Structure formats: structure tokens, C-alpha cells
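Chain nomenclature is as follows: A, B, C and D, assigned in order of appearance, with residue numbering initiated at 1 for each chain independently.
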Amino acid sequence: MPRIGLVGFGYWGPNLARNLSEIHGVILAGIADTHPARREAAAKKYPGVQLVADASDLIGLSDLDAVVVATPVSTHFEVALAALKAGKDVLVEKPLAAGQVEAKTLVDVAEREGRILMVNHTYVYSGAVRKIAELIEAGELGEIYYYDSIRINLGLFQSDVSVVWDLAAHDVSLIQFLLHRRFLTVQATGACHFGTPLENVAHITLGLEGGIQAHINVSWIAPMKTRQTIIVGDRKMLLYDDLEPDEKIKVYDQGVVFKPDRRADLLPDYRIGDMYAPRVDRREALANVCAHFVDCIQTRSRPLTGGPEGLEVVSVLEAAQRSLRDGGRQVTV
Amino acid sequence: MPRIGLVGFGYWGPNLARNLSEIHGVILAGIADTHPARREAAAKKYPGVQLVADASDLIGLSDLDAVVVATPVSTHFEVALAALKAGKDVLVEKPLAAGQVEAKTLVDVAEREGRILMVNHTYVYSGAVRKIAELIEAGELGEIYYYDSIRINLGLFQSDVSVVWDLAAHDVSLIQFLLHRRFLTVQATGACHFGTPLENVAHITLGLEGGIQAHINVSWIAPMKTRQTIIVGDRKMLLYDDLEPDEKIKVYDQGVVFKPDRRADLLPDYRIGDMYAPRVDRREALANVCAHFVDCIQTRSRPLTGGPEGLEVVSVLEAAQRSLRDGGRQVTV
Amino acid sequence: MPRIGLVGFGYWGPNLARNLSEIHGVILAGIADTHPARREAAAKKYPGVQLVADASDLIGLSDLDAVVVATPVSTHFEVALAALKAGKDVLVEKPLAAGQVEAKTLVDVAEREGRILMVNHTYVYSGAVRKIAELIEAGELGEIYYYDSIRINLGLFQSDVSVVWDLAAHDVSLIQFLLHRRFLTVQATGACHFGTPLENVAHITLGLEGGIQAHINVSWIAPMKTRQTIIVGDRKMLLYDDLEPDEKIKVYDQGVVFKPDRRADLLPDYRIGDMYAPRVDRREALANVCAHFVDCIQTRSRPLTGGPEGLEVVSVLEAAQRSLRDGGRQVTV
Amino acid sequence: MPRIGLVGFGYWGPNLARNLSEIHGVILAGIADTHPARREAAAKKYPGVQLVADASDLIGLSDLDAVVVATPVSTHFEVALAALKAGKDVLVEKPLAAGQVEAKTLVDVAEREGRILMVNHTYVYSGAVRKIAELIEAGELGEIYYYDSIRINLGLFQSDVSVVWDLAAHDVSLIQFLLHRRFLTVQATGACHFGTPLENVAHITLGLEGGIQAHINVSWIAPMKTRQTIIVGDRKMLLYDDLEPDEKIKVYDQGVVFKPDRRADLLPDYRIGDMYAPRVDRREALANVCAHFVDCIQTRSRPLTGGPEGLEVVSVLEAAQRSLRDGGRQVTV
């Protein structure tokens, strides 16, 4: 019966609290937040839960088994490190840390202390992404050629990280989970607008092992919300639109076929076939995340998105940010 | 009563023939195409029109006033040059030529010979783009910050040019027409797939005068067709979706407002207001193109998309192609 | 500081509980449900709230000010009547009762006892419908000619009422709220499928005062979910799509203009102008419902959707059901 | 080598002329239209074709094999009758005639004279409808339960027929072609607006043999264009959206399953499975119509949509119009 504490009850913390509190056999034992108004909100919602201002007061509780970190990115390292050192298992919001060095330290400390370190790469736990992984593993798309993702909308401007750290983190973790390839190179262009010092729009090209190219377009300044990912294989093509209520995944039985001795002409040899939209499990991804964390705690097994995965994502983001600041120069991960 | 000849009756030529033949007072005098089957198709459709295999036979006709060039890109230069030298006014399909040097030559010859040289940057003549230009000029969007365009679908693979020369040509001419800024730098990443030697997907970042950044995403290997352009100004944001039958342009009265002494917090200061979709003239863009060409012939005036505009677009495309081949290095236009 | 009890913690009750518990100054004092599993779920969520199996045990509590009824339609009458007679103010889920006679009794008893009787016609309290009402009242659409609504999807099959009582209840209350016209006649066709005794699809034509016609299409057996309402005025036309995340309301500046002496010809005289989508308040409608009920309790004022409004809706539904069973014969309300 | 004449070069005639002229081995021999401007337009487009003002001058041509009638509905009978009596095969635009008696006469005369009489129920010849027919015949949907169609947009107001004769004609012919059931009863409600004497909106409920119910919603006064048909079977459900460029048909593997001894409860037993969109032949339906007519002429075979089919559609429309004028009373076909 794990007792779990939550650090941070701002934008995302309440969702974690709700999901943790709904898992049978888990006790949400305490919540830490520096803002009094948020503690008050938490108290109204969770009357029996202990509330503290300071994360260290929560982490110091001897009867606590695990800590969930939902604070601003810049503080992930400090809070997670303290929790690991206090012998707690830790789930950190994505990205794992604000830099590669810090992320590496967390991985090492977790390893040394024998603690679970998990990163909340939420989408990896969604029904849609699970289904895409199944399709790819079953060879439905054939050999993967290309990945292209658009993740744009108006806001939320973050005050401590650029749009790369905020939104592109999702796509890097999805590419990691779906394609199983090492990241080799990163190039990123982007810009700051409305007088802010942090990039609010970015285009990132990733070179993966095996010659696969991936592209990520993230923006906080688009007039409409878009969440579309294209995955092109040599057999079929897939469109994943996370905003579609019912048909989140569409698999297109189409492609390009070049006849060997084709003469240059205007009629291309395309194959256009049926499309199908497989049924997707609608369970909230965050519920799966929390259940997986609890399962790892209880079985002492490695999380699907553990420290090493979180570290790799941070490395890619850091490289992207470096390329961005360096005029789009190619950076090796 | 201008007499016009058409070179090329393949994929696009028939559309030009149809539009030219429908202009009151214009005589579609001849059509040249090397393929017998196409000449036959043209003969059935336009019984009174002279048909020749060789472009030079058409260009040589002394009673011809103008020539429209709808051949593969690699032959634009040769055909257009011959026509200009024969004293004809010339309308060339986009892009003007396959390289900057050739395009420059065409501009110079047209200038020297006192001939009209026009490039068919079709979208510039569409009702939607005209309306966007009006809105920008009226200050509706405020100062323009950002331009981002997605122009993807399955096919048509071209056999002589990459997707950059084929599809990105549209966006470069739109940016030219709408933003009135000089192009400074280009960076492009992309890839070839399905064993072809020409890039079928590309991401291009353009640096414009005044610090504006534009991005173009073009692809021949997407499972679905998308034609979406976002234009972000400091007052309003615009979405142009050319596939929408009725609401091609949406203007969003929204943006980001930062209060001067704002404390870092999670609630951003956004302005979300009404959206409106102005009525767009539905006349076929190509009809406007042909009418404008005829008008330039008759009034001896400079086309809206003349040689210099065509040359600039070719320069940008050439720079993009160079960046693409050079691993995404920043190239000066 | 009103103390409110909730009867029914099945499909919809938990949403009412959540919204009531979030209103400052309101005490969710008790919840009644005959199912032990639901009481257990309620106890986990609301630790301090009294839980009983029998509604009468809740209604009998002397310190309770009001009762919210979220039980199956067939029991609305009995529970609401008991609560009114016990001196409680009452909010009943739509429809007010399963028949006109019962609804009338509730209205009379509430009147006699001086109690608030409110029906949860939820959509009336949504930001979108409020905005539509504003537009109509401001004369934006001109004189209203026509109302047509589609409310279809797969499920939920109700076990005690037909799709008319379930889904059409929403539209009848919207027509009532938006058009302010008396209902005169009803005609309904429909069918039962999959071996059920209750109609799962129906088409209802309503004749309103002033010659306005309204049509409602409801179904539980459609492959996709649709929530679209068209309102046609002699000045403008409106489309209300409740499933659109951002642009729920679109106002089209278009119509038909007949020139007096128009000769029969092929060019119709339409006016096609701009479209705009006004910003809609996104607050959850149910939060507004609960707040309005509490406000009525405290100020002793008549609810916007009180007993008389609920009674009229029930009368129309009953007439529709009668027409349905009678082969679509026109029935007077 | 059939020689075909066309009567009527207004809104739809030009499309017929274009398709006829593109069929190999067919000669578009003459066009009749009473409007000089239209004859002029036809002459420009089809230089070799004989042009006359009076239909009878065309029909009288002895070397003409067939006549296509694209005049206003009210004149179909007169023109088609004259053509049949002159020994020509005849293709008439839908609906076959303005009334059942006239339609019956045409069927009888064609029979007696041994002439081909075909009605242009265009959609029957579209790739999408052909595919739907295939799916139904293969038992993909199971037993058909329900058909519901929405065919609405702004305009074109017809000056001689109501929206029932104009738009509902399409759906009646589709139901005829797809479901192969006799029409038994019709009920229709609707209204005239904008001061016109003809109904511009109508809702029609059709009772078919075997207890199937179909519904048709047609309107000329909707703010947006919709062309959606739902077909519900006991195995699967189908959505046909003719405005979708690529995915016109979606087949949903979903339905309702009632367990035999199910207790009344809130969790329904639905089956929600995959969806697929079969590839649809994109050939223009009108090209298929013209090809089928020419084939019938040459092989002397019965058209798929011949006189009897046209007569049945007219009978249903006439019954619908009668019901409409009679307050929605059920009318037997």
C-alpha cells in the first residue's frame, strides 16, 4: 500500500493528484506547494491529505514511499535529487531536468540508491500511441521512412523554458518510444516574438540512426490548435491526430511505386487504397502513467520511461536549444 | 486582338488553353507539343487551332503576339528565350527557370527587347490571396511576425525537379507578394525516399528583412492533402486553408499580452476574441492570370509577377536547394 | 449557507455533486442512492457527506434546504413531490416529469408551498446558447424563419424513455428559450430497432406561433456524433455546432434576395458575405445551472427554467410521443 | 457511331455536352436552346455543332439517333415525348417528368416505340454509390434498418419546382437503387420562406417494404452545404459524405448488443470497433451516365435507371408533395 507525496499543485499537479487518489490501494499522503492559495484548493479537494509549503518537509516524511514532482522544470533536479537521496521512488514531470548534466546525475543517483526513477512522458501511455506502436511492431507500415509532427496552438507561454523544452519534449519521447533509433543530429530554427526572451516557435529536424529523418514543428503562437503526426513507411502511411475525438489514428494503404524502367512522364505510379481507423483505448493516459508508476514501485521493475529515457530526451532538447541559439547549425546529440 | 500560342499540352497546358480560349478578344492561335497523343487531344478540343510538334515552329509564326510556356521546368529557359528573341511577349509557368543565371538572362533579354515577361505565380491571382493582401495592407493583422506554410500530399513526384522547386515555389512567391520583404537567408532540411534522387520532403526556414522568419513545409509523401498557411501579426492571426470550400481565410482576434510588471505565473495573459471569415472571390486564379497577361500585352505594363519577381523566387529556391544538399547550412540569398 | 442533498449518484449525479461542492458557501450535505456501489464511490469522493440508500431519509433531514433530483425520469415526480412537500427547494434533471399531469402537479405544489422548482435544461445555461440568445435579441439574425437541429450518436439507449424524452428534450427547451413562441402542433415519425420497444430515432416537426417551423432529428443509432443546429433569419443564418472546440457558433451574412420583377433565369440573387464566430464563454454549463439554483434559493426568485418551462417542455414531448405512436399524425400541444 | 442532340444549354446542359463530346465514337450533333446567349456560348465551345432555338428543329433531324433533355422540369414531358415519337432514344434529366401521369405516358410510349428511355439519376452512377451498393450486397452492413440523408445548402432556388422535386429526387433514387424495396408510405413537412410559393425546406419520412424507414432532409436555406447519408444495418453502420474529398464512405464496425437477460442499468452494451474508408472510384458520375446511355443505345439494353425507375421516383415525389401540402398527412405511394 504505497504512500505517495506530490510536490507542486499548480497547472498539472491537480491532475496527478486526482489520478493517484483514484488508484485502489494507493494513499495520497501529502501535497507540497509554496502558494497558500493552492494549498487551500488542495485541502478542499483532499481533506485528509497533509499539506506543507516546503517540498523538503514532504520529502522528509519517513512513512512516505514515493514522490511525484510537478514543479517548474528548473526545479525538477533539486526536488527529485532530494527525494531520491531520502530513499523515495520518484516520478518527475517531463522533461526530467533542465539540462543533460542534471539529468545524468539523477539517473546515477537513482541507480546507486536502487530507487525507481520515472519520467512522465505522458503520451507514451495513451491508447493512441500504444496502438501506433503495435501497428509499427506488427510491420503494418513497413520500414519507417519519415516522421513529421505539428504541435501548435496559442499559449501557454512558459516563463522558464522555451517551446522546445515544453512541447517538443512530447515528440522526442514519442520518436524514442515508437522508432527505437538513436538520435544522431539535431538542427533547429525558431524565433522569439511579442518581446519574450524564450523561443515560442521552433522547427526541429532530427537525424536518426539508419538514415531516418524526423521533423517537429512546435509553436505557442498559432491561431488554432493542431496535434498532427505523420508517419510514413514503405508499405503504408499513418496520420495521428490527437484532437480527433474518435478517429485519432488513420492508416492509409497508399504509397509510391516506381516501375524499374519507368520513362519520365507525368503520370506517377501511386497506389491509393483503403484507409482504416483502428479503435483506440480511451483511458486517460495519465491514469496509465500513475498505474505504471505504482506497479514499478511494487514490483521494483524498470519503468518504460525511466531515467535513461528521460536523459536521452533531455540530451536531444539541449542539442536542439543549442542549434536554435546557433542559427540552426547541425549539432551532434 | 492578341494571338497567343501555347507550348506544352501535358498536365497543366490544357488548363491554360481553356482559360485563354475563354477570354473575349483573344485568339488561341497554336499549340505545340512533342507528344502526338497530346496534339490529338488538343485537336479534338480546339478544332480551329494550329498544332505543331516543335515549339520553334510555333514561335516562328510571324502573326503570333505572345507565347505561353507550360513545358517541364528544365526547358523553360530555352523556350522562353527563343520566344522573347522572336519578339513575342511571354508567360512562363513557375518557376521562371531552373536556375538563377538562366532566369537573369530571361529578365535581361525581355528588358532589352521591350517584351512582357510574366511568370505564372498562380496563387498570387487567387481571390483568397488577394483578400489576405488587402487585410495585411489595411493593417488588420498589425505588424507581421511570422509566416508558416504546410503544402503536403501524396504525389505528384516530378521527374526533373525536387519538391522544393515544385511546391515551395508557391510559398516563396506568396511571401514575396504578401510581405514585401527581401529574402536574406535560407536553411533547408529534407530527404529523398522510395529510392528517388530528388528530395520529396523539405522544411525551409527563410530569414527576411526586418527579422521576420518564415517556414515552409513541402512534401510529396504525406497521407493526406494539406494546404495551410498561418500568418501571425502583433494584432491578429490569420489561417489560410486553401482546401476549405467556403472559409478559406479565418482571421482570429487573438494574441498574447504581457503586462509590464507581470510576475512569473502559470496564468498567461491571452486575448481570445471573435473569429471572422471574409468572403473570398471564387473566380479561378488561372483565369485572372490569363486576363492579367492579356492586359499587360495590350497596355504594355509590367506584370504583377514579372521577370524580376520570377528571378527572386528562383534565387531563393536555388539557395534552398543548395542548403538542402549541404546538410541544412545557412545560405545567403 | 444552503445545505443541499442529491438524490441519484448514477450517470449524471456525480457531475452535479462535483459542481455543487465547488460553489463557495454551499454545503453538499447528503447523497441518496439505492446502489451500494454508488454510495461507496460517493463516500470515497466526498468523505464528509452523509450517505443514505433511501431518498426519503435524505428528504426527511430537517436541516436540508434543497434537493437535487438525478434519478431515472420515471421517478422524478415521486422524489420531487416528496421534497417539495417536505418544504425543500428542488432542482430536477430534465425532463421535469414523465408526463404532463405529473409535471403540472409539481408546478402547482411548488407554487402552493412557495418553493423553488427548477428544471435542469442544461444547454440554456451554456455560453454558446447564451450568446445565440444575445444575437437573436439584438436582431442580428432578423426575423427568425426556421430552426433545425440534429442530435445524434450511438447510445446511450435509455431503458425507461424513448430518444424523444431523452434527447429531444434539449431542443424543445432551447427553442423555448431562444424563440419565445408558443408551441402549437407536433408531428413525429420514428422507429424502434435492435428489438427494443422504445423509439431510438425520431424526426419531429414543431409548428410554433407566428408560422415558424422547427425540426428536431434525434437518434441513438448514428455511426457518428453530431450536434448541429441551424437557425435561419431573414437577415442572417446561424450554425451552432456544440462539438466544435472553438467555433461553436458561426453567423453567416448571407441570404436570398428576390428582385421584384425578376425573370426566371439561371443566376439566383443570393447574398454571400462574411462569416464570423463570436467568442463563447467556456464555463461549464452545469456550473452555471448550479449557481443559478443556489441564487434562486437565496434570493427567492423564479428560475429561468422553472416549473412552468419544464411543464411546457413535457407537454411538447408528450405530444410528440403521441404523434409518433399514431403514425405521425399532427397533434395539438 | 451514335449522333446525339442536346436540348437545353443552361445550368446543367454544358456538363452533359462536355461529357458527351468526350466519348469516343459519339457525335454531339446539335444543341437546342431558346436563349440566344446560350446558343452563342455553345457555338464558341463546340464550333462544329448545329445550333437551333427550337427543340423540335433538333428532334426533327432525321440523322439524329438520340436526344438528351436538360430543360426545366415542367418541359421534360413535352420534349421527351416528341423525341420518343420521332424515334429517338432519350436521356432525361431527373426527375423524369413533373407528375406521375406524364411519367407513365413516357414509359408507355418508349415501350411501344421500342426506344431507350433513361433518366439521369446521376448519383447512382458515382463511384461512391457504386461502392455502397457493393458493400450492402456483400452483406457488410447486415440487414438494413435505417436510412437518413441530409442534403442542404443555400440555393439554388428553382423557379418551377420545390426543393422536394429538386433535391429529394436524388435521395429517392438512391434509396431505390441501394435498398431494392418498394415505397409504401410518405409523410412530409416543410415550409416556404422569403415569400416564395414553393417549399424550400422539407423533411420526408418514407415507409418501405419490410418495415424499413428512411428519412430525407432537404433545404435551400441552410448556411452551409451538407451532403450526408447514414445507413444503419444490424452488423455495421455507414456514413456517406459526398463533400469529403477522399473519405466519402466510412464503415463503422459498431452497433448495439442487448444481452438477453440484461437488467436495466446505465452501462449499455455497445460494440465500438474499427472504422474503414474504402477507396472510391473518382471518375465523374456524369461521364458514367453518358457512357451508360451510349452503351444502352448500342446494345439496345435496359438502362439501370430507365423509365420504370424514373416513374417510381416521380410517384414518390408527387406523394411527398401531396403530403406536404396536406399538413404532413401520411400518403400511400
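Some points to look at:
Please note the rule applied: a residue touches a chain if its C-beta (ideal position, glycine included) is under 8 Å from a C-beta of that chain, and two chains touch if they have at least 3 such contacts.
Keep in mind it's a predicted model, so treat the numbers as computed, not measured.
Using CA-based centroids throughout, the chain positioned farthest away from subunit A is D. Of the two chain pairs examined here, B-D and A-B, it is A-B that is joined by more C-beta pairs in contact.
Between subunit A and subunit B the centroid-to-centroid distance comes to 39 Å (mean Cα coordinates, whole Å).
Across the assembly, subunit C contributes residues 224, 246, 272 that each touch 2 or more other chains. Residue ranges on subunit A touching subunit B, taken from their complex, read 10-11, 145-146, 148, 150, 152, 154-157, 159-160, 187, 189-191, 193-196, 201, 203, 205, 213, 215, 217, 219-224, 230, 232, 234, 237-239, 250, 252, 254-256, 258, 264-266, 268, 270, 272, 327-330. Taken in their complex, subunit C has these residues touching subunit B: 246-247, 272-279. Against subunit B, in their complex, subunit D makes its touches with residues 47-48, 224-225, 243, 245-246.
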